[in-house]
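Each of the two complexes below includes subunit A, the first together with subunit B, the second together with subunit C.
After this line comes the complex of A and B, so read on.
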């Protein structure tokens, strides 16, 4: 099946249809923002954390009209220099984000720093009256996440957590179809994220190991859980339309025994109040299966990363359907074959159907950054998107704790939006 | 086999039905991986790729299948010819070939089952013309249905109806409320109009034909007349009922291309088969132009 590239107009139209669906009853308010193409008022934005992720986000920010990337900040000189070259000399460079916030007073900041720094940077920015886009996961502890949410609510400032699948048209179209009952009630979600590399970055000198490879150490990161799993947990939460009630699991270091502290494989089962589960695993010693989210219901299956679906009971050919009807009604009659829809040797599509029959260039990141800037420009505060990030991070940290403490971990009381 | 399969097992409990369907699915998938020319690693793809240069060793199943379809080709006096895939591709790529009768005549001379050599002692297949390629599209479903019938013998299900894309059917035993399975060939343009019908009991039905979709898709028909090399461009259809899947497939194709005066001769070779040939006119009416029942 050939697919055409989706153009922006088609994209916006499809998003509008999804966002406007009565079935979803406005449960995805952030999609409405995607339509907003307002320009005029210049938004002044700072980037805190100019490593690989921060610069990846810059690729999308730089093309947004009337956006002035006025300042950048990083405490690692090589990254700051590279960012200065990419963003241009007009952006003022800082090594301390507090000084940058105070001096520049930008309208908004993008925070793409290591996980352990998300909370205090976000809280400081919000308290300074600055809107925040913070990369996922939200923070490293329940308490930090809760403080971030409280500050977002008390200051009335925007807080986006970077879950780009919320802006991925394929995922959101699938979500709409699921809510419309295409698969029946969802009875299981399986998700996995597999890679085959050591997940390390090159270190110029040994004293920079922990700074550069912060993902390897518990002091800064929760490893595969906060860096990869949180994306698929967010997707599962959205599909079940609730957060999990508990999780159990296990993990270990069984391959990359190189001094790292975080597990190189994790396996978890999340139980949701609807009695269905998310079965999740991640490893970095085999990439054969890649990444996928498999959503299963009595009527069908969807694979969201590849954007495909299969019906459990595809309708039989017309003649066969008539035969089945006759059998059910105890009627002996002619079985019609070769009817109007018949084509000799017609191929069946056993490779599934596409959820969206278009090639997508954007995995949601571009649209997410545009939506954030549009919200900042119009001072539109949408707590639903904060909630998605908050609940996915709490569930992610529950999974991490379940593995670390070898116990069933229940949703922490009171931590809901 | 590039088709959908519908399996009707009346009165069969869910668990047994699941188990039978899984077994059939497994067997058909295994077979497809050997005979599909769309799978580069299949036995037939390898034969098509290599057998012109050197003999290709093959297993007993593929060897016997080729032996049987060559025999059927001979039995149909060459009108069932499964070696024309490469020629059809050439024509589809350059339709001006159709107006060059000399060139087409030369090309058709380089096709045919006589160029396929089977060495039973060594179990090898050789091809002695570079234009010959095996196209399992004309017999794969018949072979699949023969396999299905064999597998079903091991089950305790005696009455069932199995359809491969509604063009190849195996109907065994009888409908629970009748003495046989009655199948009716519908007008492809007029849903409510039946052209002919067959009563089936432990029998196969194969329908071959040229549809407007075929003509639109390829610019020519997909069945080549092995005598003159020209694709059949008329909206001709042949429905054949018989006791063997492969034979009904072969005969239904042969009846599409065989000239009128050869039809009786062909039917005499297949004494356990009934056949109906019909053609659509410009008003989408179907007219039966040949019928032979046993």
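After this line comes the complex of A and C, so read on.
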């Protein structure tokens, strides 16, 4: 099936149709931001953390009209210098984010620092009256996540967490179809993220190892869970429209035995109140299967990353084709001596259909950044989108704790939302 | 090389055979719709397949006609040689 590249007008139109659906309007109010009118007020924005992710987000931010990237901050000089060259001399550079917040007082900040720094930076910015876009995952502990949300609620400032699939049109169309019952009740979700690399970055000197390769160490990171799994956990939460009640799992280092602390493979089962599960695994020693979210119901199956859907009982081929096929088999097939008494349940050989018949340039990141800036411009605070990030991170940390402590972990009590 | 002349009568014959093959293919489609309880609209929506089946029938009949012509021609040649 030929797919056309989707242009921005098409994108907005399709999003409007999805957002207009009464099925989604209540549970996904942030979709309305996609259509928000620009008021022309210039938004002043700072970027805290100008490493690879921060500069990736900059690629989308720089094209947003009426947005002034007035300041940048990073405590690693090479990153800061590279960012200054990319952003331009107009943006003032800082190595201490507190000084930046105090001197510049931007309308909003994008925080793209290592996980262990998300909480205090976000809380400080919100308390300073500054809206925040914080990269996923939210933070490293339940308590930090809770504090971030409490501060968001008490200050009334915007808090986005970087889950771009919330703005990925393919995923949103899939949710609409799922809510319309195209797959029936969802009885299982399987998700995985497989890579084949050591996840290391080059280190100019040994004393920078923990700073640059922070993902390898438990002091700063929860490894595959917070860096990869959180995306698909957010997707599963959105499909089931609730958070998991418990999780169990296992992980280990079975390949990259290079002194890292975090596991190079994780395997988990999340149980949801609807009695369905998310079965999740991630490893970085084989990339054959890549990444996928497989949504299964009695009426059909969806694979959200590849964007395809299969009906469980597709309509039969036209009669004439069936007749030709059967005659062909009668003429050319080998006559069996005896029939099989058991036929294996082999995978269905059906090409399926695309969820959205367009080629997407944007995985949701561009739309998410535009929506964030539009919300800042219009001072539109949406706690539902904060909740998506919050619940995803809590579930992610539950999985991490289940692996580390080798026990079933239940949804923690005392959370603010 | 000699010129090949296709007479109007030969052309008419081939067109009639092709038309009969189309009728046969259409009946084939009707049988399929009845056999597999398919929607009646397939009599129209699957016309492109009917056309393909028509040409299959035509070339199958052509093959049989060539075989028949060869079988008739060989005894004729033997008689001439004798």
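Following the convention adopted for this analysis, the second predicted complex is superposed on the first by the 380 of 417 C-alpha atoms of A that agree within 3 Å, B and C clash if a C-alpha of one lies under 4 Å from a C-alpha of the other, contacts with A are read in each partner's own complex, and residues count from 1 in each chain.
The rule we apply is simple: a contact is a pair of C-beta atoms (placed from the backbone, for glycine too) under 8 Å apart; a residue touches a chain by one contact, two chains touch by 3 or more.
It should be emphasised that the depicted structure is a prediction, and the values quoted were computed from it without experimental measurement.
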Tell me the contact category for A:85 with respect to subunit B and subunit C: first, second, both or neither.
neither
Now for A:322: first (subunit B), second (subunit C), both, or neither, which partner does it touch?
second
Between subunit B and subunit C, whom does A:331 touch in the aligned arrangement: first, second, both, or neither?
first
Could you tell me which stretches of subunit A are touched by subunit B in one complex and by subunit C in the other?
316, 319-320, 323-324
Along subunit B, where are the residues that touch subunit A in the complex?
2-4, 6, 8, 10, 137, 161, 163, 165-167, 169, 175-178, 181-191, 194, 197, 205, 207-209, 211, 213-214, 222, 237, 239
In their shared complex, subunit A is touched by residues of subunit C numbered 28-29, 31-38, 42, 45-46, 49-50, 53
With touch defined as at the start, can you tell me which subunit A residues reach subunit C in the complex?
316, 318-324
Touching residues (chain side subunit A, partner subunit B) in the complex
314, 316-317, 319-320, 323-324, 327, 330-340, 342-348
